[in-house]
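Everything below concerns the one structure shown next.
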């Protein structure tokens, strides 16, 4: 099993497109977090273990500004986040209230959290961008989280974007959005991902050279031989 | 504080329409479980404490027929249900897979569960109806729950129909659907509900007698006096 | 121009299916109120002039139980409804709060309102059914209208089910749902509807006799001759 | 491979719930036609080969009443339907226009079509019910199909309810809705379905006798032995 | 009561995030216009009184290019707009037709309209951007408004983004989107907003200095004292 | 009838806003592809004949990586695309799987395809942007097309964005999105478009000069005269 540092180093070079293809071949079709996108164009690919945050819809007797001081608050959750984790917040489809603004994102950044990924939205967009925390979300809404959401707990299994996420699953987020890799499949993805990227880069160079697609992608035997020759040549 | 038996006896005579009006006056607007309706027309009004079931979306590596034997299974949850409770299952909007069919509903009925309330759907509609368990849901779908859902745990806070439900909250379900009464507000509802029903029945009799609405509903001072006189007369 | 009594008498025998076909041939494609259905199976076809009710989403400072006594209330609107009208309530897609319950529906019935048609929902379903007012709607929800809606005014142009409805337009509602006939087109529909129904009934009898569809529906020249012969025979 | 008569006879006794469970175990999760339900409560389970109808959204220059006489019309499609088939119509989510009314359903009934299954709606609900053709659909809308749909062709691969349906696939429809069985998997389902039904009926009798779920459903080794003994006893 | 100039000057420095928090504490949860976002990144925060525009869905007999010359046209509405107002257009969820293009936006800009806010879309995106009118909307669609919408009137109460907006309400729009402040609450927001912003800026500086969240945000007594000391120091 | 080169040259100077207005006047209201937008801001307006691609939802037995080598594959479709065409892919609302990534878009670019227009999404956003193929779509998702879609065929009638598209229809895509011009109406649009653009540019210049809208847009007789004078002056 690779170390977390090896996982991060390797998967930082593998697209979510490649990862979802590998997981599909292993029989996993529901690993893509629907509806979450980079808040800022050009955010780099980020990899980390999921630190989950669970919300349920607001109830006026519970979801009040006062609840922010409760021991089961988002504040306490943030203080519990380890460096390098990716915070994943499941909001059950509520996009009318921003889960976090500049102050909470600023604190996450200070704590060394790698990224925030949510199927909800953030608030105070300008402030969140200024905090420099990389965020994947569905946009922005000004109302505070208690206007639409009640925070329940952290590090529980959650649903996010129509996908189950468990604490400790590996999350990879890039320009397309975010994917979850179940712990048991991380080793496979780390092993297969880089070679798949190399193959696709070579195929892309063939496309640029004018080769037609049939037989090239996916590669037939002749193409595979040429690719092997290319790799040998490169090595020699 | 009324006993559970008193709560059930009293609220069985109070419509969910009246309960939501009382809760609105207390500042609670989000207590109505959206999208859940009686599976069978004419189901009686049912009242009980919420026994919550939490699902997240399916993940192919977890949501398998094999998972049905795991200790965190829906089967174990059902065995833990006390007599008279209302099982409330939150499905995060998944309506492509039935959470329970005839066998599980049959066992709930045997255990004395008062009703099943869910924002999801059941499967094997004919079998569920034959089990005689009263169900409030969004309809039926044949696929097993593992086709779309992963069961996580029981007796946790959940979202159901866009509303937060905590274990032990009072649930009332009738022809309109289902409402949650937070524990701290049950006493108020039990106190105010029956009198509101009496008042509305009297107003309805006035409407049937041809009285116009302004001044009648809501009642002005003159109407209130007439109602008080009616109540005195009835008592005398 | 036919009288209202003639319109009601004639269109009570014409299906909404036939009416929408006639309006389509006149270039009107958007006359069908989406999402509204008979509350009770077997409600008879009803015809009347639209009496419109306009709601906007709730605002907590306005949509309170106290507002029910304001001069711009739903109560005042109901008192203004003429006998035989069809009340059409536009709710802007809000289905979390019932616009009317037993008392208001009971008063409408007393006033001789022909039907209530809405793209929203009613509350206290059992009570509404007991009031005997025919209702077309999207279902039921217990919360009072002020939980989700603010009443604005009556007899203004509204949107209902994705369609513009103006005060005085003719509404026809039957088992399929409800259609609006703009005033300027009523005469055409009254003229063409009954004959279209006769033709389709005859075609249906031909289908029952085993005739294939091509040439029969829509009728070619030969079929039209046979139909004319049938009509002459019937008359002679 | 079983004959079509054997398929129909066998699967008429197997619920769609059981069929989707068997297909899930074979790796097929997307075989359930979302959003289609029996038009009339109590329709019997029906089984047949899919005869597909493909619609695309309406275009005013094409989708006219005149198009009903074109050779690529729904009328010609109906005449091409073999006895015993199940017509499956894909409508791309359009529910504002009814695909068929009484006349076309009446002709399908005459032709011996077993059922109509669609993710769209029908028109002239009363007439369709009177035609006695069993229908699975999403409800009713009065406007003619050309108001929202353009018919393209028959016996092509279609999407219906979020599922791919190919001409000749087996369709089973019952109280829960409709499922597609790809041709290559029919034999498996026919073989495994009846035994699964027998097992579940026996488990249900155990539930009725008060047995708890763990170990019973799914059955552990002890339960399997008891079931085998039950079957032997029955046979002897 | 502050003057309009004071309102604009003050609230231009208060985020919509802060405003919605203040309104929530006053009991208003439904003041956020869902689904409307700045058309152009970096648009400055804008404040003004709502000038409302009401649309209903299109009806082919009314919504024609000819209607553009009617006295109840969008053109007449624009000529009636006072300098500094924010035009708020409610479209009942129609996003298939652009409410305004370059010419109408250009005229609004000429008239000194501060901004256009809508839950609908604009057309001729390039032209609208060239007009330099700041716009908050849901995107762009080329078809003219009459393809999907009928204009009804101006300066009536409307629904926009699921919120009630009355003529003269204060609108604030910034990077997160747009919020409505009911007239009766403007004074409170003007009074509380700037201080809340100062407090949050100081808290953010504390976060940047590495302080943990519990006790800081929301501030406990010790934090409040430190903040008061900071303010005194700043003043002295 | 204009040549394709003339169509492209002329319509490259006509906005989709103007085209949809012209088509509306001809009675075509449903020609706008909903939900598709330029992938990259600033993409130039593009014009070409539709080369259609038809997808249906995924079925696990068919939609596999192996299917990419089948003769009915997207690869074969791309090789069949003529230079200058606009590929239009209908995805039946599936946005959880990207239809194409960098390699397929790169090959389309090589083949001289003018643009890709889809109501679905692409995958490997960075790679697609690097391919330089202009794309109109609903965003990005990493999973491969087979995770959600089964490719059926090319050059068949399709639905895309709620609109019927036939092979050979003219597609125009610009900053607002994409419109389809049925073949029979191309000549009209080519004839009327440029003059409409000239008129609107002149009206815009009048707006910039401070003219009020009534009488100007749409132009009354006096405005039309001034415009004619302007045109004469320009020509002389």
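Labels for the chains are A, B, C, D, E and F, by order of writing; each one numbers its residues from 1.
To be clear about the criterion, a residue touches a chain if its C-beta (ideal position, glycine included) is under 8 Å from a C-beta of that chain, and two chains touch if they have at least 3 such contacts.
Predicted, not measured: the structure shown is a model, and the values here were computed from it.
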{"item": "Chains touching both chain A and chain B, listed by label", "value": "none"}
{"item": "Same or different residue numbers at the chain A/chain F copy interface, by half rule", "value": "different"}
{"item": "Remotest chain, chain E as reference, centres from CA atoms", "value": "D"}
{"item": "Approximate Å spacing (C-alpha centroids) for the pair chain B, chain C", "value": "32"}
{"item": "Rounded Å distance between chain D and chain E, as computed from the means of their C-alpha atoms", "value": "49"}
{"item": "Chain D-chain F separation of Cα centroids, rounded to whole Å", "value": "37"}
{"item": "Of all residues in chain D, the ones touching two or more other chains", "value": "27, 29, 31, 60"}
{"item": "Every chain pair meeting the contact rule", "value": "A-B, A-E, A-F, B-C, B-D, C-D, C-E, D-F, E-F"}
{"item": "For the chain D and chain B complex, residues of the former touching the latter", "value": "15-17, 19-21, 24-25, 29, 31-32, 34, 37, 174-177, 179, 200, 203-204, 207-208, 210, 212-214, 217-218, 220"}
{"item": "List of chain A residues in touch with chain B within their complex", "value": "27-31, 56-63, 92-93, 150, 152, 156-159, 162-164, 182, 184-185"}
{"item": "Chain D residues within the chain C interface of the complex", "value": "60, 65, 68-69, 73, 75-76, 78-79, 95-96, 98, 101-104, 106-107, 110, 123-127, 139-144, 146-147"}
